[in-house]
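Shared between the two complexes below is chain A, which pairs with chain B and chain C, respectively.
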Partner chain A sequence: MKRSSDQIQLRKLYSRILNLLLPMTSAVMTWKGLMLMTNCRIPIIVLVSGGMADLNRGDLFFTSNFSDDPIHVGETMVFQVEGRGIPIIHRVIKLHKKVNGELKLLTKGDENPVDDRGLYPPGQEWLRRENIIGKVQGIFCCCAWETPY
Partner chain B sequence: MADGDKKKATLPFGADEKPIKVDKWDGSAVKNALDDVAKKILTDKDCGYGYVENYVLMDTRLLICTVSVMFALAALVYDYLRPFPDSRPVLILCVISYFVLMGVLTVYTTFKEKNVILVAHQKDQAGVDPDNIWTVSSSLRRFDDMYTLHIAYEDGQTSQSREASVVKSVASWFDEEGTLLMDLFTQEVKSIHSSLLTEKKEK
Partner chain C sequence: MNTVLSRANTIFAFTLSVMAALTFCCFLTTAMNDHLSPIKIDVNKIIVKNVQDFSTTRDKNDLGFITFDLQADLQHLFNWNMKQLFLYLTAEYTTPNNKLNQVVLWDKIIRRGENARLDYRSLHSKYYFFDDGKGLRGNQNVTLTLSWNVIPNAGTLPRISGVGAKTFQFPEEYTPGNARI
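For the complex of A and B:
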């Protein structure tokens, strides 16, 4: 009698653990699914600090990173350089394309007086394709929850 | 032959047990309390009918969930070890498998498991004939006080099945403070049980 009540207790406990885990795993898998759909390491990103025209802290950005979607001057990109953990969202102001398809980009925050060269690691004058996380495709503004610093 | 009535549920249930008290406004606690008593009446060896609980239904659901969680963990770990573009194939496999399994889970709980809270086997006394199967399901809608208790009986030998249910307000079995009136509810369950067995004898 005790054994069967142990069995049911075990099952109830395990069932409860699973009920806790499943919403979390669903969130994680939805995120991974988005990554796959947009081909982008960070498909949705929150703006933490200002520096761009019309883009405010707390806005959500949807990014994509398709290789057949060429980058143009004037587009807003999300990029990451070595030494800086947080990705940066700025506009492309200069673009060089070599014959073999290799890209060199220069970016600048709209409201900054100078370009981003100061943000790139010493010795790096241009952003390369590997630094780009994705291109901003859409904005969901005014989410305004607490953003981590 | 009163084979079902041989082990009568003794009332009140285990006199040494504390009365069950729940928050009468908490629908889920109320349902769980009623479900637990109904299950105990059918399965308890000492003060119930002593039927053997069959865990297959619940275990299948637990299995589907476990496999889903494994896929999610695999995706997490693999993506961590080999960052994104490299992990693409594995991620695709895991994500698709996960959502397919979620679909399977939804179909399973909606159509197979439904509201079943217990599947129990009534073993034949002589150990010769196949078991009779008792399936108990219950439902209590959110913010509703009408509790439905449904018991289905499937005869092992004739494969005939009968079912009976009772739909009553939970107020019929709980007092003002939320204490479960064990005698009343036990009586309710036993009478459904007996009615299913006597129907069989008449046929």
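For the complex of A and C:
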């Protein structure tokens, strides 16, 4: 009688552990699945500071990074430069593409008076394809619990 | 469901799901819009110089100066799911150095509720029209397009080009000195 009660306790313990693991692993699977679907290192990103007009803290952005989706001027991109830990979401305002596909980009936040050259590391005048994490495809606003007014 | 905490948790989770579904519906109501509109661009003065591009390398690059007229009526594009329109005027051209060049010369943000009827005459570009090289002088095919990026409350951010682009040519000679337009 005592042994079967122990077995029941053990099963309850396993059951509890599995119940805990299930939502955690589902979340990881969804995130990795999204990464594969969009070919992007960060498929969903939350804005933490201003710089683009009317896009406030707490807005969610959906990004993609398909290699056959060319970049154009006017598109909002998520990029990261060396020396800055946080990716930046700004708009491309200048683009020069060579015949071999080599890209030079300049970005600027809509609300900023100057372009982003000051944000790029010293010596780097243009953004390259490898700095780009993804292109912003969609927005889901107002997810923050406190938005600055 | 017999403690305040578990009830609050259930209500919270349900609220989140409902709000997410409603936001998706909000996106669906305007997903089918094409956001097209005719526009009119005219270019007045065009000159090109060759000066040191102080923001990049120490090389001398071609710098274009143009003034342009712009007329568009974009009032009909606004709806309840549109926060703002980001307008930008792009110059697109090809040079021996680069297969594709796109440079934004001017931009404007129109928020919902603001006047969206544009009628500009002899507008100067907001940003310097530097080329990455010396490809502007004598360039026969520079196309100006007015495009807009629709920023919704929820949904995709499409870029639409206005119907009515304008192509112009840069002169074969540099304008020397401090000549301005």
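Keep in mind that, in the parts below, the second predicted complex is superposed on the first by the 144 of 149 C-alpha atoms of A that agree within 3 Å, B and C clash if a C-alpha of one lies under 4 Å from a C-alpha of the other, contacts with A are read in each partner's own complex, and residues count from 1 in each chain.
One rule holds in what follows: a residue touches a chain if its C-beta (ideal position, glycine included) is under 8 Å from a C-beta of that chain, and two chains touch if they have at least 3 such contacts.
Source: prediction; values computed, not measured.
Participant: Kindly say whether there is room for both chain B and chain C on chain A in the superposition, answering fit or clash.
Facilitator: Fit: chain B and chain C sit side by side once superposed on chain A.
Participant: Would you check which partner chain A:T76 touches, where first means chain B only, second means chain C only, and both and neither mean what they say?
Facilitator: In the superposition, A:T76 touches chain C alone.
Participant: Which of the two, chain B or chain C, is in touch with more residues of chain A?
Facilitator: Between chain B and chain C, the winner on chain A residue contacts is C.
Participant: Look at A:F66 in the shared chain and tell me whether it touches chain B only, chain C only, both, or neither; answer first, second, both or neither.
Facilitator: neither
Participant: Once the structures are superposed on A, label A:R41 by its partner contacts, choosing first (chain B), second (chain C), both or neither.
Facilitator: first
Participant: Applying the document's definition of touch, where does A:V28 land relative to chain B and chain C: first, second, both, or neither?
Facilitator: first
Participant: Using only C-alpha centres after the superposition, what angle do chain B and chain C make about chain A, to the nearest 10 degrees?
Facilitator: 140
Participant: In the superposed arrangement, which partner chain does A:R91 touch: chain B (first), chain C (second), both, or neither?
Facilitator: second
Participant: So, A:L18: does it touch chain B (first), chain C (second), both, or neither?
Facilitator: first
Participant: Should A:E125 be classified as contacting the first partner (chain B), the second (chain C), both, or neither?
Facilitator: After superposition on chain A, A:E125 lies in contact with chain C alone.
Participant: After overlaying the two complexes, what is the shortest C-alpha distance between chain B and chain C, in Å?
Facilitator: Minimum C-alpha separation, chain B to chain C: 5 Å.
Participant: Give me the intersection of chain A's contacts with chain B and its contacts with chain C, in residue numbers.
Facilitator: none
Participant: List the residues on chain C that touch chain A in their complex, please.
Facilitator: Touching chain A: residues 23, 27, 55-57, 83-84, 86, 88, 90, 97-104, 107, 109, 111, 127, 132, 147, 149, 151-157, 159 of chain C.
Participant: Note which residues of chain A are touching chain B in the complex, please.
Facilitator: Checking each residue of chain A against chain B gives 1, 4, 7-8, 11, 14-15, 18, 21-22, 25-26, 28-29, 32-33, 35-36, 41.
Participant: Using the touch rule from the top, collect the residues of chain A that touch chain C in their complex.
Facilitator: Going through chain A, the ones touching chain C are 53-55, 72-76, 91, 93-99, 104, 110, 115, 117, 125-126, 136-142.
Participant: With touch defined as at the start, can you tell me which chain B residues reach chain A in the complex?
Facilitator: 43-46, 53, 55, 58-59, 62, 65-66, 68-69, 71-73, 75-76, 79, 83-84, 88, 91-92, 94-95, 98-99, 102
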